[in-house]
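Each of the next two complexes has chain A plus one more chain, namely chain B in the first and chain C in the second.
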Partner chain A sequence: MKRRVIRSIVLTVSIALIFSWIGPAQAAEKTPIVIGFIHSMSGAMSMYGISSEAGGKIAIDEINAAGGVLGRPLKMITRDDKLNPETGLREAKDLLLSEKADFLTGTISSAVALAISNYVKREKKLFIVNISQSSSLTEENWHRYIFRIDTNAVPYWGYAPAIALAKTWKAKKIISLGFDYETGKNSLKAFKEKYLQLVPDAKIIDELWAPLGTTDFTAYITKMANSGADAFFLACIYGGGELAFTKQAYAFGLYEKMKAIQPCAGDVETWYQVKKGESYPKGALATCRYPFWAIQDPKSKAFVEKHQKLVGFWPSYGAMNQYFIVYALKDAIEKVGAVDTEKIITALEGMTLNTFVGKVPIRAYDHQAMMPNWYGVMDFSPNLTFPHITKVDVIGEEGYHSVDKIKALRGGK
Partner chain B sequence: MTKNFATKVFSIGFWLIVSAIFLLTLPLFLQASWVSLINEMLIMALAGTALNLMLGYGGMVSFGPAGLYAVGAYTTAILLTRYGLPFPLAVLAAPLAAAAVGLIVGWFCVRRSAVYFALLTLAFAQIIWTVIFEWYDFTGGDNGIVSIPIPELLYSITHVYYFSLAVVTVCLFLLWKIVHSPFGTTLQAIRENPMRAEFIAVHVRRYQLAVFVLSSFFLGVAGSLFCVFAGSVFPDYAHWVKSTDMLVVCLLGGIYHFAGPIVGSGVYILISKIISKNTTYWMFFLGIIVVILVLYMRNGLVGFAAEKLAQMKNRSEVKKNKDVP
Partner chain C sequence: MTWEALAGQTLSGISVGMVLFLIAAGLSIIFGTLKVLNLAHGSLYMTGSFLCYGLTSLLSQIPGAYWWALLFAPILVAVLGGIIEIFLLRRIYDQEMLYQYILTFALILILGDACKFLFGVGYQTVAAPWPVNGKVFLWGLSFPVYNLFLIGCGLAVFLGLIVLMRYTALGRNVRAVTYNREMANALGINVPKVYTGVFMLGSYLAGLAGTLMPPMSVVALGSDMAVIIECFIIVVIGGLGSLPGAFLGAIILGLLNAFGIYIIPKLAVAFAFMLMIVVLIIRPWGLLGKPE
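Right, the complex of A and B next:
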């Protein structure tokens, strides 16, 4: 009996010791400023995570080599969210509470971003989004502790393609094809809203909706070809769906029959494995979030090279955004002179980032960086192995929802 | 014989007290992120045990517990956000809503057995997922519901932990009572041989429906707790991947022991946490662990431990008997 009691006490104490031993990190001589990075590091979307991580690493190495921030080194801790909001939230808590992260960054999944956003709002810590596109993050669900240094779904899927089309072909009769879910519907809504305002005599003659995850588009393609429209618009058909659609449309000869507006097609991520001679969105008007081949600043060229060396493939826009985020934090910390979340937020509000893609203001009202959207016509060129946008032009702040529009969306708040 | 029985009870009671003291005091010496992790384990333990009521005791393999879990979570979330109901009501409504949905789903599912039952549960869970995913105006679709107005008292990790601990303890106690009641025994009889059970005038289908509803009720509690814990809900809660998480938790711990899913939950969440902290190939390692468990510990961790303990006890008893001249 006695022995049993003693044994149990020893056991309980040792369990407690084990637990407390797992956690704490020893304080170093110069405590680093910790940037937590939560992204999809495994599975289908891991390429974005790995690329974004590399972007952040490049910035941190550069800054640390030059003496750090306020004499302290920067440190980034990466966690995998597995595209799951529960896991993302768990990692966010762990980063803030046990790793004592000063800031959180990252995420591709909007659900994960929303979950973390909701958490940092309670904890009063800063979270900067580098990929998630859901506009609600900075519109309906905005709060003081969230920033986004990235485009969002409004310019990317809707406004930028509309402006691009109005600046180039001004197609009059358009047929649309989209994935049948909220983001798809919103994309078309945003596109229509902007385009019909810019080209009032244009018409969307038909809207086709394919179930989310469709890979056989042949029926839709025939319908589009026979619709009498002079252009088609893809509303939020991306990734594998877009590859499949393009293959089938290319084989059908749809790109010869009519003009194409394919918003997603400009990003490298979907197309970098496609070679000359294979099917691609030939001559389509497309938007792009980091056309590094068209950006002349030598810093961008150096960034691409470093990224290649680090992970062995082309940088995604996520890498560029993460690079800018780290520099934005550095500038804000130096301006404030301390790692003080509230003051840093005030410093970031209205700050203009001086980047290798030009000056990017962070709008104070919704904490959205006015990242440019590029557009161009899909083609091959001698220097690159994959199809990409050519005749590149850029759209800036006009691609985003205006402050008044967001005010209305937030119900006048 | 009586003494053996007494020591056994004593040791169970003793362990309960030790773990109670541990659970009650752990926010004092553990880091907040670990407390939060243990909170997740508690909620998962409740969900697992609720599923195990069907799986282990009823012998009904359900692939859809996540659907009912999500009904619980969304009920609390929607009642708080859209209708501004008082917090206790919103939490209490969750298990009732889950049980009501469970009644409808179960009514169809218990009409088929084995594989067909499993497929039906999966189908219904996917229907629930689709409804949540597509019904933007009501459920927020793939954006989920965030900024749920949880009382500020529960913002702190320690407070929400004690809240979960209290609710989970009460629910586990109720589940324990159910399992050890005549109802629970009948259930196990049905699991062992439904036809024989029917011969002794047990209305099998009615029992199965009852256990389905009960299980849904507790899954609803777990879902609601997670909603309170996270402050946000997402359609992923209803996804079949979440259901397999729950199934793995049950299998890992052992489905023929009440404590199985509880141990399983702790181990599973700890493993996935540690693995994903150190490597991005977590799926690979998790796979290996599952293979080892299935091959060498067929009755789960608790089953394995119980077996070994019994062997040890047997050996010592044999030895004792030998010593007696």
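Right, the complex of A and C next:
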């Protein structure tokens, strides 16, 4: 009995000794620069979280292999926000307080992004958004500590499709169909605003609104087919709704009857499972946030390969954005020469990112990166198994709200 | 309104109405005989959709995979229905109605999460199968053959059910149990067996609708709640427990929705509810139902 007690004491002491020996040894190495990453890692949107995490990891591995930043390695810590603002906020707090994260990045839900944004504003820490699309994050609700290296809803759903249509078909009579909720209404408003300014003699002859989550559009489609319009515009019908709409519209021959403007249809996430011979938005004008098949820079090709190897599917635009975010932080830290949030913010303002999709300036006024929006016509090509945009063209800063427009929006608040 | 528009809205309204009829008919038959309002009926429909997707992708190497799915998926749903009836519902027939609601509501959550667990949260699609994947031109309007196929299926099932209930020994037993349970029991009809059979038939119909829907839509979580509300509207309009009532209600709802969208799209969602209210005021037992 006594021997056993002594033995356990010896064991405990020796374990404690080992740990106290390892502890200082670790601290003696360079402490990593920590990037907190909060995303939807489970549930309906988890594909984006997993893909974005992979994008960030690729950048970090590349940088660490080349010696890190200022001689220190980068480290990314992932947390799941479960699409819930409270959970996201809790994870953000934990990342800053327990993990001593130097920066926060991520989020797909705009509600989560707003919660974290309000928090970092108080804590004076930097938060860079990689997916959340709500334009208000960098417009009405903007503050010094938030950045977005991503498109936002204004160019993606509204302005870019409008500019693309004005550059191509200049349709005169348009009927619209949208999901009946705020983002749907806003995207039609943005599209109308831009398109009617570019093509003044065009007209939106009818606006149809389906309840959010509708999957049966047949009655809307027969109505659109008989409306006499020469094109239709889908306002924020995405995901399952878009797949269902496309299937029904394809079966009813709507794509042959009129031109289609289907923002979002160019993104690979919705369509990668669709094979040749199945229904797809045939000939539709579509926007896309990362058409990797059309980007010639070999770095992009390497990125696609690494992403495939890491998670087994095509990279989403979130992966590309997270990759750029990590590099933007690296450049800013190196420029400043220290991990100092205030100085890094000043460095990021007006910085031009040199990326594999070209030069992307970060606008100092609203901290919004002028990420390009691509567009093209949906078709199949021999190299890819899924439908994608072809004849790809790009829209840059002209797709975004101008600084004057944002000033007016902020003033009106 | 042009002739083409009229034809387009009518055909699209009826074809969607037919799928809803299949679900509502199952709901109505189950209520008529078992006096159980199965809140989880939409979940059986959704399970059918996921099974359709699962089977077609499992059998994708075999030609006509969809037709095998159409054969087996509803049967699997019927078996699931049988298990639910024997092991769960049977225990609460003597209890208050409230327990039925709690039990069937729990089933919504369980089946929904089971689908999520087995098939993931993504959107799945099933292509329209040959030979019903083409288009036909009707009154100058291009119309998918699949929607006509749906109308055909709905009509066939309706007639089949009428024949089954009116002219077969099985139908007679079911009607006897529906009419007077104790008397039927005294006459030697095996009532629990009839209950299980009817619940399985209702589940089969839900599974059939669930299998027929994916080629013209998507397979997604949440479709259970969307259809169950529409089915409640149908059975309230047509009369709970009445088969012709469910048929009439489904056609009315389909057309109301299609023409509502055509004429006043802003109010289209409300029309069905308004009609339901009117029916509840004028004929609370439904258009073809019988007053208690």
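Following the convention adopted for this analysis, the second predicted complex is superposed on the first by the 383 of 413 C-alpha atoms of A that agree within 3 Å, B and C clash if a C-alpha of one lies under 4 Å from a C-alpha of the other, contacts with A are read in each partner's own complex, and residues count from 1 in each chain.
The definition used in the following text is that a contact is a pair of C-beta atoms (placed from the backbone, for glycine too) under 8 Å apart; a residue touches a chain by one contact, two chains touch by 3 or more.
All of these numbers come straight from a predicted model, not from anything done at the bench.
Asker: Please indicate which partner A:M41 is in contact with in the superposed arrangement: first for chain B, second for chain C, both, or neither.
Answerer: It touches chain B, and chain C stays clear.
Asker: A:S110 contacts which: chain B (first), chain C (second), both, neither?
Answerer: first
Asker: Based on the superposed arrangement, let me know which partner A:E182 touches: chain B (first), chain C (second), both, or neither?
Answerer: first
Asker: Of chain B and chain C, which one touches more residues of chain A?
Answerer: So, of the two partners, B touches more residues of chain A.
Asker: Contacts for A:N118 in the overlay, against chain B (first) and chain C (second): which applies, first, second, both or neither?
Answerer: first
Asker: Which of the two partners, first being chain B and second being chain C, lies in contact with A:S134: first, second, both, or neither?
Answerer: A:S134 contacts chain B only, not chain C.
Asker: Contacts for A:P85 in the overlay, against chain B (first) and chain C (second): which applies, first, second, both or neither?
Answerer: first
Asker: Scan A:W209 for contacts with chain B and chain C and give back first, second, both or neither.
Answerer: Once the two structures are laid over each other on A, A:W209 reaches chain C alone.
Asker: With the touch criterion stated at the top, can you tell me which chain A residues are shared between the chain B interface and the chain C interface?
Answerer: 43, 46
Asker: Which residues of chain A touch chain B once you look at their complex with the stated criterion?
Answerer: 4, 8, 11-12, 15-16, 19-20, 22-24, 41-43, 46, 79-80, 82, 84-87, 89-90, 93-94, 96-98, 110-111, 114-115, 117-119, 121-122, 134, 136, 141, 143, 181-183
Asker: Which positions of chain A touch chain C when the two form their complex?
Answerer: Residues 43-44, 46-47, 208-209, 211, 213, 215-216, 218-223, 225-226, 239-240, 243-244, 247-248, 251-253, 256-257, 270, 273-274, 277-279 of chain A touch chain C in their complex.
Asker: Note which residues of chain C are touching chain A in the complex, please.
Answerer: 2, 4-5, 8-9, 11-13, 15-16, 121-125, 127-128, 135, 141-144, 146-147, 215-218, 220-223, 226, 257-258, 261-262, 265-266, 268-269
Asker: For a test of understanding, state which residues of chain B touch chain A in their complex under the given definition.
Answerer: The contact residues of chain B facing chain A are 14, 18, 21-22, 26, 29-34, 36-37, 40, 133-134, 136, 141-144, 146-147, 155, 157, 226, 230-232, 234-237, 241, 273, 276-277, 280-283.
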